[in-house]
Structure formats: C-alpha cells, structure tokens
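As structure tokens, the structure follows; a few thoughts come after it.
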Amino acid sequence: MLTKELMSIELIPGNTLITAGPEEGRALAIKIARLIIKATQPDATVRERLRPDYANDAGMLISIGHVVAIEFATIAAANNYWR
Amino acid sequence: MLTKELMSIELIPGNTLITAGPEEGRALAIKIARLIIKATQPDATVRERLRPDYANDAGMLISIGHVVAIEFATIAAANNYWR
Amino acid sequence: MLTKELMSIELIPGNTLITAGPEEGRALAIKIARLIIKATQPDATVRERLRPDYANDAGMLISIGHVVAIEFATIAAANNYWR
Amino acid sequence: MLTKELMSIELIPGNTLITAGPEEGRALAIKIARLIIKATQPDATVRERLRPDYANDAGMLISIGHVVAIEFATIAAANNYWR
Amino acid sequence: MLTKELMSIELIPGNTLITAGPEEGRALAIKIARLIIKATQPDATVRERLRPDYANDAGMLISIGHVVAIEFATIAAANNYWR
Amino acid sequence: MLTKELMSIELIPGNTLITAGPEEGRALAIKIARLIIKATQPDATVRERLRPDYANDAGMLISIGHVVAIEFATIAAANNYWR
C-alpha cells in the first residue's frame, strides 16, 4: 500500500516503541522526530544547510521541542509511563 | 452526508489503521498526512510546485514532523502500541 | 445556553461520530474541520475568496492537515479505532 | 486561590461538559473557545475591532478551527463520545 | 534535581488539579498557563509591557486560547470530566 | 540504536516521570522542555544569546507555555493525575 520509497527509510530504530526507561524514551522521541525530517528531505546536504536556520532561532528551537513533546507522549503511553 | 468529491479520494490506504509494527505505522502516518494535502489541493502540478517551498524550509519541515507525530499517536493507539 | 446562531449551523453531519471505517472517519474529520471555518466565517463569498490563499500555500496546507489530524484522533477514539 | 476577576467571567455555560449529542458538543467547543478570548480581552470594543483580522484571514480561520478541535476532543471524551 | 529557582515559583495553585466543577477547572487552566509565562519571564514590568502585544492581536489571542485548551484537557481528565 | 551524542545528555532528571505532586510535575515539565532545547542547541553561549529573543516576545512566551502544557499532560497521566 505504501510506496517503496517510504518503506526503504528506517523510521523507528529497532521497530519498537518500548524502551528501558523515560531517558531512553526521550532520546527515541528526538530520534524519530528527526527521521521524519529525513524522510521528507532525504538530501543530507540540504538538511545540513538548514541546520543554522533552526539551531540559532529561538522560535524554531521551541517548535522542535513541541514536536518532541508529542512524540514522547506516544512513547510514554506505549511504555505505560514506565510505572 | 459527505460530498462525493471527498468519498472519491482514498484517504486511508487499505481502510485500516492496523499495521504489522511501529515502522509500518510510521509510514502510514506520513502517507495519510500527505493524502489530506492531496484532498485539499487535488492539483498535482500545484503540489509539485510547492515542494521546494517546504523541502528547503526548516520551519515547514518541522511543521510536517508535527502533523506526522499527531497522526502517529492515533495509529499507535489503534494498534495498542504494538505491545 | 448556546446562541441561536450556533445552533442553526450543522456542525456534525448526522449528529454522530460513528462511521463505517477509517476511510469514512477521515472524510468526516475533513468535513467537520471545514464546518468550523464555515461557522466562523459564514459568508461563502469570503470563504471562496480565501481559497487560493491556502490552496497554494505549503504552510497553510500543512496547517489544514494538522487540524484534520486532531479531529481524526477524536473520531478514531469514538469508533474504538474500528478494531 | 484564583483571582476574583477570573471567577466572575462565565467560562463554561451551565458548568458542565455533558451535552445531548456531538452537534451540541461541537457548539459548546466553539463557545468555550470564544470565552477564553473574552477572558483574555474583556473589552468588547477591542474584540469587535479584531473580528475582520481573523474572519478574512485563511491562516487565522484555520487556527480557530485548531483550537475548537482540541476543545471538542475534551468534550467528546467527557461524553464518552456519545456512544 | 530541579533548580531552586523553579521550585520557588508557585506553578499549580493549591498543588492540586482537582476542582469543584468545569467552570473552576477552566479558571485553573487559565491560571496555570499564565504561571508558566511568569516562570519564564519573572520580570513583572516586562510582562506588563507585553500585554498590549497579545491583548490586541487576534492571532495571539487565539494562541492563548490554544494553550488554555490543552491545559484544560489535562485538568478535565484529572477530574474524570466531573461526571 | 541511538547515537552516543543523544545518550550523553541528561533528558529526564532522575530518569522518572513520577513526582510527589502537580507542583513538582509542573517544574519537571518546564525542565524537560528546556533539556530538549539544550540537546538541539548544545552551545550554552548561543542559548544565552537567544534568551532575550523569547523572554521579551509575547508570541514566543505563549509558544513555550504551549510546549510545557503538552509535557505536563504526559507527566500528569504518568502520575495518574496525583489523584
């Protein structure tokens, strides 16, 4: 159903949302957020060129934090909040 | 109830949110996010023309990641987080 | 409690969130997102005039996808994810 | 604990999230979203002056739809999705 | 673990999310949203200076409504929707 | 699976989402939101330089409140809302 293109990019490392604890869950949230950017803009040169645009912009850093927060909410629920 | 126009566009490939695992769930999230864009702007020429606008813009790439994160949250819940 | 104005606009076609499957749920998400715009700007001429503003703007198309994703999350939960 | 100012503005008509059905729930979502604007900007003259700013702007109409979608998600959950 | 600075600002009045009803829950949502602003910008003079920026801007008023909607979703869930 | 770089930054103080109460949960939400900014822009000098950009901008202060609200929703759920 899904295009070959999408299936050839790794989107979830290890193909699981389960992590040892919140710290690792947070790192996974950052990682999967980045992989969507990579899937949308597969050219590493372009992504590298855009880096200063967001790394030096308060608004964009906040936006990245926003996306990570949403990814983390899903990962935390998947792990039953590591309770 | 819904217009014919909307019913003639495929919005959810295979008409299911159930996937084999998180990796495939993530690809589905990207796919259904794109299909909403397609439903809103059905003209492929226009969509192609807009591609450089978002693929080379850090803020828009983050926004796309944001939408995918929300779609993925729904798909992950539907699959009981593939636990 | 609510103003007559609001009660006279149809906001949820058929007054139910239950749909036959995800595909129809997705179409409903698009539909109810549009009906909020209609309730906020009831003048069809103005809405028509704004169409090129969003249909040709990558950022706005992404924003529309964002809203639909949130509406869909609610509809999917209402349908117990069509499991 | 809360300031008198906040307690004197009605924020939830009827002090309940329970509605007869989705249609009424949707109207409540619009209503409570508006009441937050009113609580933040209590001057009716200013709010009236801002009306053309958002009613004629595609991006702002989408943003309003976004907020209503989130309010509705809460109301729908409160009503167990009117199942 | 957390800095003394953060621990010295009251962030949740009464240290509870439980309220008598939705109306009071809504007021709490506004209150805690404001307290984050206060924690981020502790200078009251600056916050006062910024007031006209958001109180007279349709987009910012909508954004404030957006944040309150999210805080309210959490408070409503904490109170089991006052059912 | 995750890069060494990410694993060397502390992302969740104490590696737990469990807190004594809502007040401490709120402080944790602020803290983990900030740590994502730190992970994305590890240069303290740059982060310090960006501080006036967001601390004096109403829109950015609201955006920060938005992210904290989402982080708090996850922490609150993890703590079963401290009920």
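Lettered A, B, C, D, E and F in written order, each chain numbered from 1.
Quick note on the criterion: a residue touches a chain if its C-beta (ideal position, glycine included) is under 8 Å from a C-beta of that chain, and two chains touch if they have at least 3 such contacts.
Not measured: the values here are computed from a predicted model.
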Touching chain A and chain C alike are B
If every chain is reduced to the average of its C-alpha atoms, which one ends up farthest from chain B? E
If CA atoms of chain B are superposed on chain C, the rotation in degrees (nearest 5) amounts to 60
How would you label the chain E and chain F contact, same or different, if same means the shared numbers make up over half of all numbers there? different
Between chain C and chain F, centroid-to-centroid distance (C-alpha), Å: 32
So, what's the distance in Å between the C-alpha centres of chain E and chain D? 16
Measuring from the mean C-alpha position of chain A to the mean C-alpha position of chain E, what distance in angstrom results? 28
Residue ranges of chain B touching at least 2 other chains are 54, 57, 59, 63-64, 66, 70, 73, 77
Work through the pairs of chains, note which ones touch, and then classify the graph as line, ring, star, complete or other. ring
Ring path (origin chain A; first step to chain B): A, B, C, D, E, F
Chain D residues touching chain E in their complex are 1-3, 6-7, 10-12, 15-18, 32-33, 35-37, 39-41, 46, 50, 53-54, 57, 59-60, 63-64, 66-67, 70-71, 73-74, 77-78
Can you tell me which positions in chain C touch chain B when the two form their complex? 13-14, 21-28, 30-31, 54-59, 61-66, 68-70, 72-73, 76-77, 81-83
